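Below are two complexes that have subunit A in common, paired first with subunit B and then with subunit C.
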Partner chain A sequence: MARAQTSKLIRGGTGDWEVVIGMEVHAQVASRSKLFSGSATAFGGEPNSHVSLVDAAMPGMLPVINEACVAQAVRTGLGLKAEIHLRSIFDRKNYFYPDLPQGYQISQYKHPIVGEGEVEIEVEGETKTVGIERLHLEQDAGKSIHDQHPDYSYVDLNRSGVALMEIVSKPDLRSAKEAQAYVTKLRTILRYLGTSDGDMEKGNLRADVNVSVRKPGEPLGTRCEIKNVNSIRFIGQAIEVEARRQIDILEDGGKISQETRLFDPGRGETRSMRSKEEAHDYRYFPDPDLLPLELEQGWVDDLAKDLPELPDEKRARFMTDYGLSAYDASVLVAERESADYFEAVATGRDGKTAANWVINELFGRMNKEGRDIEHSPVSAKQLGGLVELISSGVISGKIAKDLFEILWTEGGDPAEIVETRGMKQVTDTGAIEKAVDEIIAANPDKAEQAKLKPNLLGWFVGQVMKSSGGKANPSAVSDILKTKLGIE
Partner chain B sequence: MTDLTTLTLTQARDGLRKKDFSATELTEAFLRAIEAGNGSLNAFVLPTPDHALAQAKASDARLAASDPRPLEGIPLGHKDLFCTNGVRTTACSRILGNFVPTYESSVGANLWNAGAVMLGKLNNDEFAMGSSNETSAFGPVVSPWRRKGKDGKLTEAKLVPGGSSGGSSAAVAAGLCLGATATDTGGSIRQPAALTGTVGIKPTYGRCSRWGIVAFASSLDQAGPIAKTVEDAALMLGAMAGYDPKDSTCVDAPVPDYAAQMRQGVKGLRVGVPKEYRVEGMSKEIEALWQQGIAWLKAAGATIHEISLPHTKYALPAYYIVAPAEASSNLARYDGVRYGLRVPGKDIIDMYCETRAAGFGKEVRRRVLIGTYVLSAGYYDAYYLKAQKVRTLIKRDFDEAWNTVDVVLTPTTPSPAFAFGEKTGDPLAMYLEDIFTVTVNMAGLPGMSVPAGLSSEGTPLGLQFIGKPFDEGTLFRAGKVIEDAAGRFNAPDKWWLAGSKGR
Partner chain C sequence: MQVDEATVQRIAGLARIKVTPEEAKALQTELSGILNWVEQLDEVDTSAVEPMTRVVPIALPKRKDEVTDGEIPDQVTKNAPQTEDHFFVVPKVIE
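Our next item is the complex of A and B:
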């Protein structure tokens, strides 16, 4: 443990430094309509085409909470093993900006819907529990567009009012890798739950990263918040450059000033956005247009009952039920679709063989061709058929690769292909003996040597397999050869 | 034919059903009255004669088919705080410019669906912030009432009709409409009703939908009617009220037949008289009016009980924290970006400043500043949070009171109508106008003002009833007793008609 921690430290001129990271992840709630209006949440569309009177903050308009969004937040809370608050309050966060039509964002400040929870991450084989401080619901803002006109900016309110979950971690993360693992895991959980698609490219998941550094064992240093980092890779880069920047300042005898910064991936640096003195006074107060949100325990219990199996549980089950290694199980549960695919292949068959084929052959091929599991040309049923043919000894592993190629490019039923194309493994000992005899006869010198050098057996197996066109059962070939060559 | 504009809403409804006159004739009579009198009174900021006549025509068809809805063919004035589909809505602020909503407020829709006819949009204090209707961007409303001088003759001094629903109270008092919509955040229905000899009721918070009403202070705003009689007010409120899923604070409870409840009398009704409302500086005639009210109620069979509402004195200061706080946030949307006034600036911040400085009047700016201040970091706990605690205590006072009484009787205002400019220089004096009414908003209770007498200057005075939540029926019962005993009060001279002839 101590060693592992040492490896996370950053070396500076005055010794080692520890980086302390807390994250605020904003995830768009998967819902058909917005948090307080009936407008669609669909991505894209002409600017201002998904905007209701409420979203545009027309005079006299009032918000009405969307129950579906509340359910998604509660489900997420349950998935994070968090405390669900049966009473929560929506506040107004007041500030002026053209893409914020109301002049305030409706958010939950003092009384969020979800309290403390946890997320388990694994970095370099080490498992760690990251504390969740809270999860709250809030509205997204619209979008200001500055590059359409020399003198004016435009505003697109399609996103205005879309529901976001802000998930705040405790400052439990100690390296860029841990931070990346945390966001990756969080994203996986959200996708399993179906509460957010976690699509960072569309901005549906973005992170504010709080970074500070300290000498190990010392109190927390002053933190800087890096706003709106929108990819896992950038999260890692931003933390590394920000930690280095802070260490350099401190080692030069300087002080860190608390501020909000932006990460510029092009230049690989963070830049000051506004200092603590310039920070907004948001004048939070409970939104008088909305009553406190009160949930019934029974309703929460029903949501809990219908919660899907989550990645950690699934991974554990894959290890016990299918005898998979921790690594294989982790790879398979990273996406719910992959896990489902694997289970469809593995059910009633050999789990390890199934995992091997899904991970090495299928994923390998798909990565090469840039496809995802939903667009796999080989269905789970087909791959399952292939695994079954291997397990029952109908085809060899080598032939299976050919079969996989056929399935990938041409499709078809695996058993039928094997039958019609004569790909069945030869287990008929008579036929194998005949082939063995021929090879021994053709190579009398080697046959003689084999008695002294048993590792020549491999060469003979290869020759027999070759002559059978790969269809001979290799273990049968090996057994017959041993007898005929007189190898113990 | 009698002057149709002198009828009460109830009489007009009966006349229409008996086919004594048509909805179109009735509407035309009011349009003529507006044309003749509005120039002097400035009660309407936008008469909508075409709109009114189209609605009246539809009502006549319904009446001819003997299929009238509750307010079929009844011409009403509509406060400019209510958004009206296709009709300019400004909240009497420059900042909304010529804003034309594409939607109708729920309360408005309820009225038009009940057959009512909209004569036009009524003046009010800008964003309903004021107690004299002097803060309107369209200029002040003049009360139809005038003071008697020492010689007993009417003076020329222009009196305020109260506020913020000054257009509503003046229009009803002057016979420019049969009734008017109004809103009440701290007394804006009851105080103008008291100052003009009309009946005004602010129902329980949540009784009427706030959807489509330009917001002032969301936790206090309620719509209600100003009418000539208690029964008229009962009929109007019955049509305005009701559940609306578009307003999360609107309550899903059936709307009773208020007019029927009104007739139940007050025999055995326990009336509370709070000692804390005998405030310093309250005029002798207000005190006398209060005693007269008590006597009338006793005579009608009610019992009188002195009660204590100990936190009353904190209500006004707490109100002037809560209301501006909410207003400062509610008015943030008027930023020049999407609708209404925009004054160009060198950048976005400059545009905001220029627009809001030009668009908001002095009183609105004052309240936005107060509200921003009390919500600021470091002040929130001392002001806003404390005010909310006071609010809880005020509610508790009433909860205690309801153990011993059914309704509370107080004066509506500490003094009768005042003249233009008398209080505009002194915001605190103006805020004191609301001293008896804000408590009701802070507690979310229903309150009604009923005309009960005249001041020594010959101007109207009102008594206020405060009821239990959703017990508007009791207010109508009690109000009816006062009305029956005191009679109705009309402005002694229709001077505004004489004025119009000269134009």
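Our next item is the complex of A and C:
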């Protein structure tokens, strides 16, 4: 076993503790209709509008599986480099709750559709492989609203029967940061695959977090499950407060009782949800309404063939094809839309310059104005034009920033703007020489010193650039200055 | 196999059925009888037999991903004892 990294350990009164985390992520499958009925999955909608008699569990209604949801689960499995089970079985998970009209959730228990796989994460420059235990298909429940009336709860079944993928990780995560990186990466993969939109605000991606603590090298401690954490930030906070709670109990000589807890972001604490005597007994058994789900290997192979390029592969390709740093490539592939935008800018142009402009100028500006890439006022074609003008030496980097500003606020064709507004870089050596001579003549002392202190060259370049209104080609200026000042 | 009263009460609890001590006594005998009867199946060695899932060779029917149902909130809530604006209204449940 690998030795626990000191930096990830949590300091306690009796020494260092290691936190062990496993996650169950519920991702809503991207589909038009529900897992076992033909009603819509659309978000919102009037109460109980996207509900069929199947979703409302009226007597005699029978489930019929949506084949697109099955395909989405298999594609996700393939994206997680996981084993696809050609035979899986739907079970009934029995419990009573008003937003579960069937009295059971159709899920997969002993024979899930997808088996072991893996996800690669990177935390503080370190790469780590997180094991996936399984992925199974199941129905979502409806929604209970408790704050509308003092004595009653209101039930809306619009979500009832929507397909979910439950993705279970192995207990491979060792810090809040790793858990956050894992969910972020998983979300990116799902979004690349188009199998879930991963929208955490709408509850389309939520995580149950299993947390336990132990002294490094000791066997696993008793775990608590924190239910339904719905943002990456809260996942981090929930793990930190829960680990601290468990350490405090153990160090006071207490014992952790295995239970389900809820994270309260307002109070920054987790609290017990269910007491032990009510511990759930789900009495799983195969759903007699559904035959085993059997897939053809050929069908799975076809799905595999059509899988898009995934973030890890794309990142590697960006590094080799465009010469990008690992960091820049990671930033660009975090969202498929950003990666596509960058490729449109970079294709046939200088990759590093393109990455620099997309990340620093475009993303910087968009973050400041709270926009996303789909709503960028500067198109990839326009930014590509700008990069081309820099690379071919038509404009300087400084002028390019002015050009970017114009493209952002006014729009237009970059080459045309540069032409009509006289923004072209001066590469005419005659004109630059004249400017250089003027600056040297005006500063004879500095020119004399420059022979002994070559780093004064920078000051001279600055002066000449200033006198040319930023339009002189800086490398031409530098070359001419070196000759005139007699710097080697 | 003999079912005791605690087991009867536990099963009743899971099924949300209220069972009086007298009823539990009777159920103990009934459930034990049923289990003993089913237990006869243990005499057959089934370790090498696949569970039977169908008597005729049919595959799980599948549906295309199309919206073909729903948008019937009146019908969905018609039999509910209490509703409001198409919500089902139930006694307060909060964990």
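Everything below uses one rule, namely that the second predicted complex is superposed on the first by the 481 of 488 C-alpha atoms of A that agree within 3 Å, B and C clash if a C-alpha of one lies under 4 Å from a C-alpha of the other, contacts with A are read in each partner's own complex, and residues count from 1 in each chain.
The working rule: a residue touches a chain if its C-beta (ideal position, glycine included) is under 8 Å from a C-beta of that chain, and two chains touch if they have at least 3 such contacts.
Since the structure is predicted, the reported quantities are computational estimates derived from the model, not experimental observations.
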item: A:281 touches, of subunit B and subunit C: first, second, both or neither?; value: both
item: Touching partner for A:104 - first (subunit B), second (subunit C), both, neither; value: first
item: Subunit B or subunit C, by number of subunit A residues touched; value: C
item: Which superposed partner A:290 touches (first subunit B, second subunit C, both, neither); value: both
item: Which superposed partner A:96 touches (first subunit B, second subunit C, both, neither); value: both
item: Partner chain in contact with A:180 - subunit B first, subunit C second, else both or neither; value: neither
item: Touched partner set for A:60, first subunit B, second subunit C, both or neither; value: first
item: Touching partner for A:47 - first (subunit B), second (subunit C), both, neither; value: second
item: First, second, both or neither for A:396, with subunit B first and subunit C second; value: neither
item: Touching both subunit B and subunit C, residues of subunit A; value: 53, 56, 64-65, 94, 96, 98, 153, 155, 281, 283, 290-291
item: Subunit A residues within the subunit C interface of the complex; value: 31-33, 37-40, 46-56, 64-70, 94, 96-98, 144-146, 148-157, 273-274, 281, 283, 286, 290-294
item: Footprint of subunit A on subunit C - complex, ascending; value: 14, 16, 51, 53-54, 58-73, 75-77, 82, 84-95
item: Of subunit A, residues touching subunit B in the complex; value: 53, 56-65, 92, 94, 96, 98, 101-104, 153, 155, 281, 283-285, 287-291
item: Interface residues, subunit B side, partner subunit A - complex; value: 82-83, 89, 91, 96, 99, 101-103, 105, 210-215, 217-219, 245-249, 325-326, 328-329, 331-333, 335, 337-339, 348-349, 352, 372, 375-377, 380, 384
